[in-house]
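The same chain A turns up in both complexes below, where it pairs with chain B and then with chain C.
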Partner chain A sequence: MVQKVLEIDKLKVGINDDGNKIAIVNGISFSLQKGETLGIVGESGCGKSMTSLSLMGLLPPGVEWLDGDIKTESLHFKDFKKKDWRKIRGKRIAMIFQEPMSSLNPVYTIGKQIMEMILSHENISKKQARERALEMLKLVGIPRPEQVLDEYPYQLSGGMRQRVMIAIALSCNPEILIADEPTTALDVTIQAQILELMKKLQEQLNMSIVLITHDLGVVAEMCDRVIVMYAGEIVEEAQVVELFDRPRHPYTKGLLSSLPDVNEEKEYLSSIPGVVPAPGKMPAGCRFAARCSFAHERCKNTPPLFEVNGSKVKCWLYENGDSEAVL
Partner chain B sequence: MTQNPILQVQDLKKYFPIKGGVFGKKTLKQVKAVDGVSFDVFEGETFGIVGESGCGKSTTGRTILRLLEPTEGKILFQGRDIAELSKNDMRKLRKDIQIIFQDPFASLNPRMKIQETIEEPLINFGVTDRNEREKRVLEVAEQVGLTKAQLSRFPHEFSGGQRQRIGIARALISKPKLIIADEPVSALDVSIQSQVLNLMRDLQKEFGLTYIFISHDLSVVKHFCDRIGVMYLGKMVEVADKNSLYDTPLHPYAEALLSALPSSHPLQKKQRIILQGDVPSPSNPPSGCTFHPRCFKCLDVCKTEQPSLQPVHEDHLVSCHLYQGAKEQIATGESR
Partner chain C sequence: MIAYVIRRLLHTVLVVFAISLLIFFSIRLTGDPVTVMFSAGEPTKEAIEEVRRNLGLDQPLYVQYLIFLKGLVTFDFGESFRSHMPVMDLIMERAGATLALAIGGTIVSILIAFPVGIISAVKRGSIVDFFGRIFSLIGISFPNFWLGIMLILIFAVNLKWLPSSGFEGPQHLILPSITLGMILSGILARLVRSSMLEVMNQQYVSTAKSKGISDWAVIIKHAFRNALLPTITFLGLQFGSLLGGTVIVETIFSWPGIGRLIIDAINQRDYPVIQGGVIFLAVIMVVVNLIVDLSYSLIDPRIKTGGSGRA
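Presenting the complex of A and B:
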């Protein structure tokens, strides 16, 4: 039986410019199940990072929670005070960031930074926390962990730093790990190491992962279910195999076919004309219509998320299921 | 394709000194960013250089243009050694060799209008007639898909993809023969990336350009290049036609690198070679073959002796002890 660990309900996040609200994330809903890896993909500015930051209550200054809620079985994140967020962060939901370079504090040792997390959530002695930190470093496969415990971030390579970030994130056994572009700053051979590690740890600890990425290769590699975002909205939600076999939304199709494939020889790549509209200058109706080759009169009205064979698609083409669509 | 090398790089080296001592004048060590790289680039082709960060691929590109002075080695452009040229002659030669940079945000002057940015090379190369310059700018702008109205705007008004078009226009205006493209699409989203790659291919066809395409993205390189060189720690470890490289990578590093590529479909399971450890520091490279501490096929000889880049088949060169002497064996009909 699938168990929901997190439910996002019409979440709306944006800038409040003197009462003039500009939504960056425009009312998205999805849920996360126990033990699954949910991918959120989209291009820069589609709101995927803002979505992940709101799950942690870490929205940057100037960006506000406008509407909607994030729920677990017993909690409503909307009513959270600072104190409540602190209890959740790291303990139930932990996050790793894109830049392992700038997300570690350069003036504290690795050991101290892992211990800080453990000590703020658990009532144990420093000595025990240090032992736990050492265990974590071993778990994430850091060579010579005893020494690394007393080393500083600058002494480690990018891949090792990302391992340390994972160690910190997992040190309190969170149920949910949010990984925001965890391998984007890393080289492919190191990326392969980190993805392998994340898969192994997920099995071991049975946690749910929300993986935010722009890289469809990483999605194919890691995810069970995928959400495609465009201009602050979810345009498609599907099981990963379904998404790659039968992408439905014209944007998803365009995205997949604009990727060069090493197994296929093509002279030209197909591309999506135009650019993503800026927040605040969103067109009425379907936000992708201006770049869409299937655009139609009815696209002037915003389409709902249609359910089609277990997937969800925000496109009028699927009003009557797959029948009308050119697959 | 005519087999005329437009550019021959021979044993190119670029060392950066690490200064130290009381007055910071003593050279303590050298970072061997590029350490004896040789390759030929043929007219009209796209030669790709791939490798991970710190392998020296960008330094190679910049040294060819002499934006960085080479420490040693020859760079023959149409038979002429450009490492020997005086600064003045080099400047004139840059008319023929241009570069496109990675970061479309940092490589444009924010205070210059697009018109001025694109026009500047012409002024440099002594085109004094203002009308002619203007005509050229318009022509190039149209070729890369910029409108006339956009020319009087400033860089901040453009998106990443459009800025990269401006960078391409600037490189194109002096009618170069060779363009070095240093990670031209890495900063762009996939849908925009394909627009720029298509544009670069169109321009290559139209003007018979030769590209050196530097990238860390293996699928982009496969799509865009004809021949590819794989670099590791300042050395070229394998040079081959793209199909033979991707079908049968010979060097263990190239093999691991290609296997690390994420699959393009969730059901496609790959036999992955996970390399242990990280790339060593180029200031203190390992002895022998620089890849040996991470190599899963390491022999005893690899720890002490440096292999050299040798042909294994025609047009497939590899620098690895596993294949040293392979040529003789091929000649005598033995297989490995």
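Presenting the complex of A and C:
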């Protein structure tokens, strides 16, 4: 029995320049099931980070929530006041970032930074919080955790810092962990260890993960389901096996065919000609059409997200299911 | 750490030596001290020569300088030409007042600049930020003698709330401290604002926000704490100009500090007092900078003085 922990409903996020609204994330809908890992992939600038930051109410200054809603069974995030967000952050949804080197505060000890999270959500003593922090360090596999508790971030390596970030994120037992490119800045071997750790903890704690990444190898390794984003929209959503076996959207095909090697993710986009249109300069109709080798007349109109055999594809080729589109 | 302190102390000695050269020769360009010593009538040549001999001014310049240097090593600045009191005693008598003023000025500037800078940064682009920046500009561009006189006119002469001169109690400190601190607070507020803006873009501030702690905890505990480092450096570096400012402020408020001692000594060409006063201020400045440097390691654990340990 699948249980939805979060439902994103026509979420629209963007710049509101004196009523002149420019969407960065343009009305996307998806849901997150309990215990699953949902991958979000797409070229740089397609709105992955903005999507994940909206889940926490942490959009940067200048970027606003324009429309749509994020829901749990009992909550509508769109009605949230500051105070409501604070109860969600860390407690129900936690986040880890791309840059472990700079995501910890250099002037506080590791212990203090974990305890801060615990103490802000739970009514326990400092001593108990410290014990919990120690447990968390053990949980994420930090060697000599007692000492590390009193050490400063600069004394730890990047991989260790990302472990600490995970310890902080998980210290209040969140239902959802958002990881925005958690391993991009790390060495390949360390990457594998961190992903391994996330997977293990997910099973142990039965949480859902939203994993944002450039790396399709990571997607294959970690995710149950994948969302492919292009220019602020979802162009394809599929189970991970389905996506790799049978990519449908021409953009997804481009991503996969240009995947050179699991360990060399960086250049995979270069083989799709053209560039992503900038927010505010979006073409009418299908946003990928200008770069698409299958583009034709119909693409001047915006395609809906067609449901095809359990997947969703935003492309006219799939108007009649897979039948016409065997290419 | 110890090697570092020793290196800095050697550096201090060099600086003091350079200043001693500069001050010694430059004041001797201002004219003959002996001619201003006789208040009434035309002195005889013999009388002048007599005074010269007594003050040691008949010796060749380099000998005078060497004598002065020799005194420096033993912290002996000689005697005042005028009162014939040891210069060190004159300085010590007045150091407290200057120190109180410098501390008062620093406190005023911090009290004004920290809130203004922090709020300007947090509410960037808002009307609060606008006024904050106007304030900085005013603070920077108004000469402090003007501000001092205005304060005296308003609070001492018109309202009669506060004394305008002397140093007999804490209330005497208020107007001079504001006068001294105002200029610094303008620059300081700017600096706090810009370091806050820089720090608030850091990833660890996002991390702090993602923990669900209050906005003010994020701003003060996470952002400001990190913005403090450049701020303290700046305060340390500015201590020199703050001391320089005391000279003017002490004159306006008849403040019994070293600044006025030096000004009076300059008017009377009282060489030993000028030399002693200036060198004393210079040493204080260098020592304060050293203390500031050493205090970094308290604020930022990454800095272990001596160089190692930076990640």
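Just so we're on the same page, the second predicted complex is superposed on the first by the 316 of 327 C-alpha atoms of A that agree within 3 Å, B and C clash if a C-alpha of one lies under 4 Å from a C-alpha of the other, contacts with A are read in each partner's own complex, and residues count from 1 in each chain.
The rule is simple: a residue touches a chain if its C-beta (ideal position, glycine included) is under 8 Å from a C-beta of that chain, and two chains touch if they have at least 3 such contacts.
Source: prediction; values computed, not measured.
Once the complexes are laid over each other on chain A, chain B and chain C both fit without any clash.
With chain A as vertex, the superposed Cα centres of chain B and chain C define an angle of 70 degrees, given in steps of 10. Once the two complexes are overlaid on the shared chain, A:Val218 sits against chain B while remaining clear of chain C.
In the superposition on chain A, A:Glu297 contacts neither chain B nor chain C. When both complexes are overlaid on chain A, the residue A:Asn105 reaches chain C alone and has no touch with chain B.
Residue by residue along chain A, chain B and chain C are tallied for touches, and B comes out ahead.
When both complexes are overlaid on chain A, the residue A:Asp79 reaches neither chain B nor chain C.
In the overlay built on the shared chain, the residue A:Gln193 is in contact with chain B alone; chain C does not reach it. In the superposition on chain A, A:Asp18 makes contact with neither chain B nor chain C. Touch criterion met: A:Gly254 reaches chain B, while chain C stays clear of it.
Shortest separation of chain B and chain C in the overlay equals 5 Å (C-alpha atoms, whole Å). The intersection of chain A residues touching chain B with those touching chain C, taken from the two complexes, is empty. Within the complex formed with chain A, the residues of chain B that make contact are 52-53, 159, 161-162, 189-195, 197-198, 201, 216, 218-220, 222-224, 246, 256-257, 259-268, 272, 274-275, 277-279. The touching residues of chain A, counted against chain B in their complex, run 43-44, 143, 157, 159-160, 187-193, 195-196, 214-221, 223, 240-241, 244, 254-255, 258-263, 266-273, 275.
Interface of chain A with chain C (complex): residues 56, 58, 61, 82, 85-91, 94-95, 97, 99, 102-107, 116-117, 120-121, 152-155, 165, 168. Residue ranges of chain C in contact with chain A, taken from their complex: 124, 202-204, 206-215, 222, 225-226, 299-302, 309-311.
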